[in-house]
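So, here's a batch of structures to check.
Below are two complexes that have subunit A in common, paired first with subunit B and then with subunit C.
Moving on to the complex of A and B:
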C-alpha cells in the first residue's frame, strides 16, 4: 500500500516546476515534504491529488496507475494552507459534505461526523458557518472534513502555516493522533525544519523543484545526503565554509582542528564544511571545541537562546548559543565549534559518509 | 448650528421631487394647472382608479415586468458560466474578449434600435416580450459578466480544488457550493440587469406596438391624447417607482459589498 511517483516532472510553459522526481510513500508515520516557499511542495501535492497532471512520469497508488485519474475518483483528502471551507454551509454540512457526495447512509454520516467533531472539539460550533469561526476552528473544520472520509491518501499542504503560534503548537501535537491507525498515507508539507522533526516519520527535502533527499526524518537530519538537503533541513541556515583537510587535521583559514569520523578515510584536499548553528556557540560545548572568531553583524534574542550572525573569512556564520549573551555589533567575538557536529561534503556536494 | 439641520435639508431636497410627484397624483389635472398648491386641495383617487381599471394601463406594468424578468434570468444564466470561465481559466485572448464585452455598453442603445427592429420584424419577434428581453441582453450580459467575474475572482481557487477532492463533480460543485458562495454577487448583477431593463425606454418602445408595450411607453402616449392628463401621468409615475424601490430594498446590503469589491 504505497503512493509512488515514478520519474514525475511538471513543466508550465518553459518553466520546470518539478524536475524528474521519484518517491515512494508509505502509510507508516507522516511523509513530510520540507522546503521553502515556491520549492514545489504544493505542485507535488496537487499532482498526488490529481488536480494537476504531471508533464511526464506516472503516479501509482496501491499498485494502480492513477496518472490522469480525476481527483473525484481517487478517494483522497486535502487540507490547504488557507482555511478553505464551504462558506454557505454550516460546520456540520461542511464536514458531512464528502460523505453526502459519496451517498453514504444518513446514520453512518452522523456517526462519523460526530466522531470527527469530538476529536477536533468542534461540537459546540456545528450550527455555525465557517465565517463565524476563529482561524483555528476553521482549520479544524477542514481537518475534520479530511478525516471523516477515511481516505487512503491525506494531503496536508502547510495546514498550520496561517495559524498563530499557540494554536499551531496545539494542533501540531494533535495531528499524528488524528491519523494514527487509519492506514492512510499522510503527506504533510511544511517550510519549517523543526516541524518536520517534531512530526517524525519520513521527510523529503524539496529545493527548487527537486527532491534532494528522502529518508527517515531523524536520519535525514543527522546525515543530509548533500549540501542542498542540509540547507533545506536547517533553521537557522546551516553554516557552510570551504575547508582543507590534511592528515588528521582540518583547517578553515587560520583555524585548525582535529578531523573526526568518515572524513579521516578520505584523501586530503578541499571539502565543504557544514555545521548547524547550534554547534557554534559563544562558550565551548566540549573540551576539544575549535575556537574561531568573527565580526558580529546582527544579533537576535529568542528567549532562551542568543543568535549572532558574524563574518569570518568572507562567509557569514550563524552562532546559536544557549542562554542570554550580549554581543557588541561590529566587534570581534570568539566562538567555539563543536567538531562532533561537523558535516563534510565532497566536491560534488555529496555527504562524506 | 443644530446637528439635525443639514441632514434635514438634505432629505427635504432629496424627497421634494418625489413628494411633488406623489402630491400631483392625488390632484385633479385642473388643480395642477390652476396654480401653486403645496398639497392636494381636492384630494382624489380618480387617477389611480383609471390605471387599475384600464387594461391598456395596467398591462403596461405587466409587460414591463415580464420582459425585465425574462431579461434578468437570461442575463444571469448566460453570464454565470461566462464569468466563471473568465475568472478561472487563462485562454488565448481572454483579456481582449473580456474588454470587448464591455465595449458593448459603450454604444448608446439608439444605435441598435434600427437593426433590432428590422431583424425582429423579419423573424416574427416584433412586439413580443422576448424581443425586448433579448435586446436588453446586449447591454446586461456584459455588465453581469463584469460584476460576477469580480465576485468569483474573490473566491479562492482552492475552494474548487477542495470540492473536487471531496468528490463533488463540476455541476455539484458549481450549483451546491459555488453559486451559494457568491449569492451577493448574483444579487448585485440581478439588480443592475433589472434596473437597466426597467428604465430603458428607447429599445423597448421601438420593438413593441401593443402586446408587449412597456409602461414608460404608455405614459408618453397619454401625453399626446386629449391634452395633458398630468394627474394620471403622476399616478403612473408613482406606481413605476415602486418596483425599483422594492428591489433596492432587498439588495441594499449586497450592493454595499459590490462597491467594496470595486466592480459596481
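Moving on to the complex of A and C:
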C-alpha cells in the first residue's frame, strides 16, 4: 500500500508552485516533508488530499489512480497548523463528526471516539466547546478527529507549529505512537530539521517547489545528495565554502587539511565544502582537526551550546560548540573543523560519494 | 526618591469629558425627566404631577397601538433583513475582480440620506405616476399606499429592506471573509454538505457580527422616523404611525410636554431593555 505522486506539477497562473515531482510514500513510519515556509509543502499536501488538482501528473493511492477523486471519497484525514474544529460542537461531537457523516452506527462511534479520547487524554473535556479549550487541547481534538476515521492517509500540515514549546515537545513525543500499527500512510510537514530527525521515518526535503531529496531520515541527513538538500536539512544553516582539492589535501584559502573519504577518488579541482555547524567548534573535537580563524560577528548562547557567526574568506560561518564560551564580537577567534564531518559537492552540486 | 504619589490634579484631565457628557447627555435627559413629572399650564408655571403622565401614557390606547405597530414593524424587518442579508453575503464572491464591485453596489443604499430614501420611495410607489406603483396596478393588483394601510405597510417594509439589508450583508460578509480556508477544507474532507458547512462553520463563525447586525437593526428600526415620515407621514390614518412619529406629533404638534416627556422616557427604556435582552441572550448562547 503506497501513495505515489507520478510526475506531478502544480502551476497557478504563470507561477510554478510545484515542479515535476515523483514520490512514493509507504505506511512504515512517518513521511516527513521538510522545507521552509512557502517551499511547497502545503501544496503537496493539498494535492495528496485532493483539495487541489495537479496541473499535470497523477496521484496513485493503493494501486488506484485517484488524481481527480474528491477528498471525501478518498478516506483521508488532515490536521492543520491552525486548530480547526467545528466551533458550535462539543469536543465529543467534533471527534465523532466524520463518523456521523459516514453513517457509522452509534455504538461503533462511541467505541472509536472513546479510544481516541483516551489516547489523547481529552476525557475530561468531552462536553466543552473548542473555544473553551487551550491551544494544545484544541489541536489534540483535531488529531483525535483524524484518528477515529481510521483513514488510509493521514496528512499533518505543521500540526505543532502554533503550539508553545512545552506542548510541542509533549505532543511530538506522542505522535508516532498515535499512528503506529494503524496501517495508515502518515505525511508530516515541518519546517524544522530537528523535528524531522526526532520523528524518524522517511524525509523529503522541499525547496522552492522541488523535492530535492527523499530517503530514510537519518541517511538523508548524513548523506544529503545535493547542496539544496543539505541546506534544507540543517539547523543552524550548514556552512558552505569553495575549496580546492589537490592530491591528498583540501584547502580553504590558506588553511590546508587532509582529505578524507570519497573525495580522495575524485580528480583535483574546485569543490563545494559543506560542514554542519556542530563540526566547527572552538576546541578541537579530534586530534587531526583543521584550524581556521575568523572575525566573530554574532554570538548566541543556549543552555548547553555556544553559537558564533564568524566571517572567513568572504563567507559567514557558524560554529556550534558544546559548553559556554565567551567570544568577543569584532575580534578574531580560532575555530576547529572536524574533517570527518566534511561533505563535498561537485560542480553540479551533487554529493561526492 | 520621595515623590508625591497622590494629588488632585488628575481631575482637570477628566473635566472636559465630564462637561461634554453633561451638556450632550445628562442635561437634556434630566430636562426630559423634569418635564415628565410636572404639568405646565402656561409659560413658567409648573405643577408637580408625579407619575401621572407615565400612568396615562402606559394606559393610553394610542401609545399601546403605536408600540404594537413599532414592535410588529421591527419584528418583520428583522425577520426579513437578517436572513436575506446572510443569504446575499453567502452568494457574494470571495475573491476576484467582482468583490469591490459587489461591495460598492451593496454600500450604495447606505450612502443615501434617509429623507431622500423616503422621497424616492414616495414617488417610486405612487400608484398613478410611480414606476413601482403603476406597474403593480397594471398587473391587476390593487395597490395604493396613500389610501390602503396594507399597501402602506408593505411599502414601508420594502423601503426599509431596500435601505438597510446592505448593512447586514456587509457585516455578514466581513464575518464570512474572516473564516480561514482550513475550515472549509476540513469540511470537504469530512464530506460535510453545504447545509452542514453553513450550520457548523459559517453561522457560528458569524455569531459576533450577526449579534452586532441584529442589535443595530433593532435599535435603528425601533427608532425609525425620517423615512416613513417622508413616505406616508404616518398614514393612511394612523396605520404607519410608529412610536417616534407619534412622539413628535405629541410633543411638537400638540405641545403636550409632560406626557411627551414621559413617553420619551418609556420609549428610551424599552429600547434599552430590549437591546440589553438581545445582547445578553445572544452572547450567552455563544458561550453556552
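Throughout what follows, the second predicted complex is superposed on the first by the 353 of 353 C-alpha atoms of A that agree within 3 Å, B and C clash if a C-alpha of one lies under 4 Å from a C-alpha of the other, contacts with A are read in each partner's own complex, and residues count from 1 in each chain.
FYI, a contact is a pair of C-beta atoms (placed from the backbone, for glycine too) under 8 Å apart; a residue touches a chain by one contact, two chains touch by 3 or more.
As the structure is a computational prediction, the values presented were derived from the model and not from experiment.
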Which term applies to subunit B and subunit C once both are placed on subunit A by superposition, clash or fit?
clash
Check whether A:84 is in contact with subunit B, with subunit C, with both or with neither, and answer first, second, both or neither.
both
Touched partner set for A:101, first subunit B, second subunit C, both or neither:
both
Where does A:247 make contact in the superposed view: on subunit B (first), on subunit C (second), on both, or on neither?
neither
Quick check on the superposed pair: does A:287 touch subunit B, subunit C, both, or neither? Answer first, second, both or neither.
neither
Subunit A residues touched by both subunit B and subunit C?
46, 49, 51, 70-72, 76-78, 80, 82, 84, 86-89, 97-98, 101-102
Subunit A contacts subunit C in the complex at 46, 49, 51, 70-73, 76-78, 80, 82, 84, 86-89, 97-98, 101-102, 131
Complex interface listing, subunit A residues touching subunit B
46, 49, 51, 70-72, 74, 76-78, 80, 82, 84, 86-89, 97-98, 101-102, 142, 145, 149, 155
In the complex, the residues of subunit C that touch subunit A are 180, 182-183, 185-186, 188-192, 196, 199-201, 203-205, 287
What does subunit B use to touch subunit A in their complex?
156, 158-159, 161-169, 172, 177, 180-181, 183
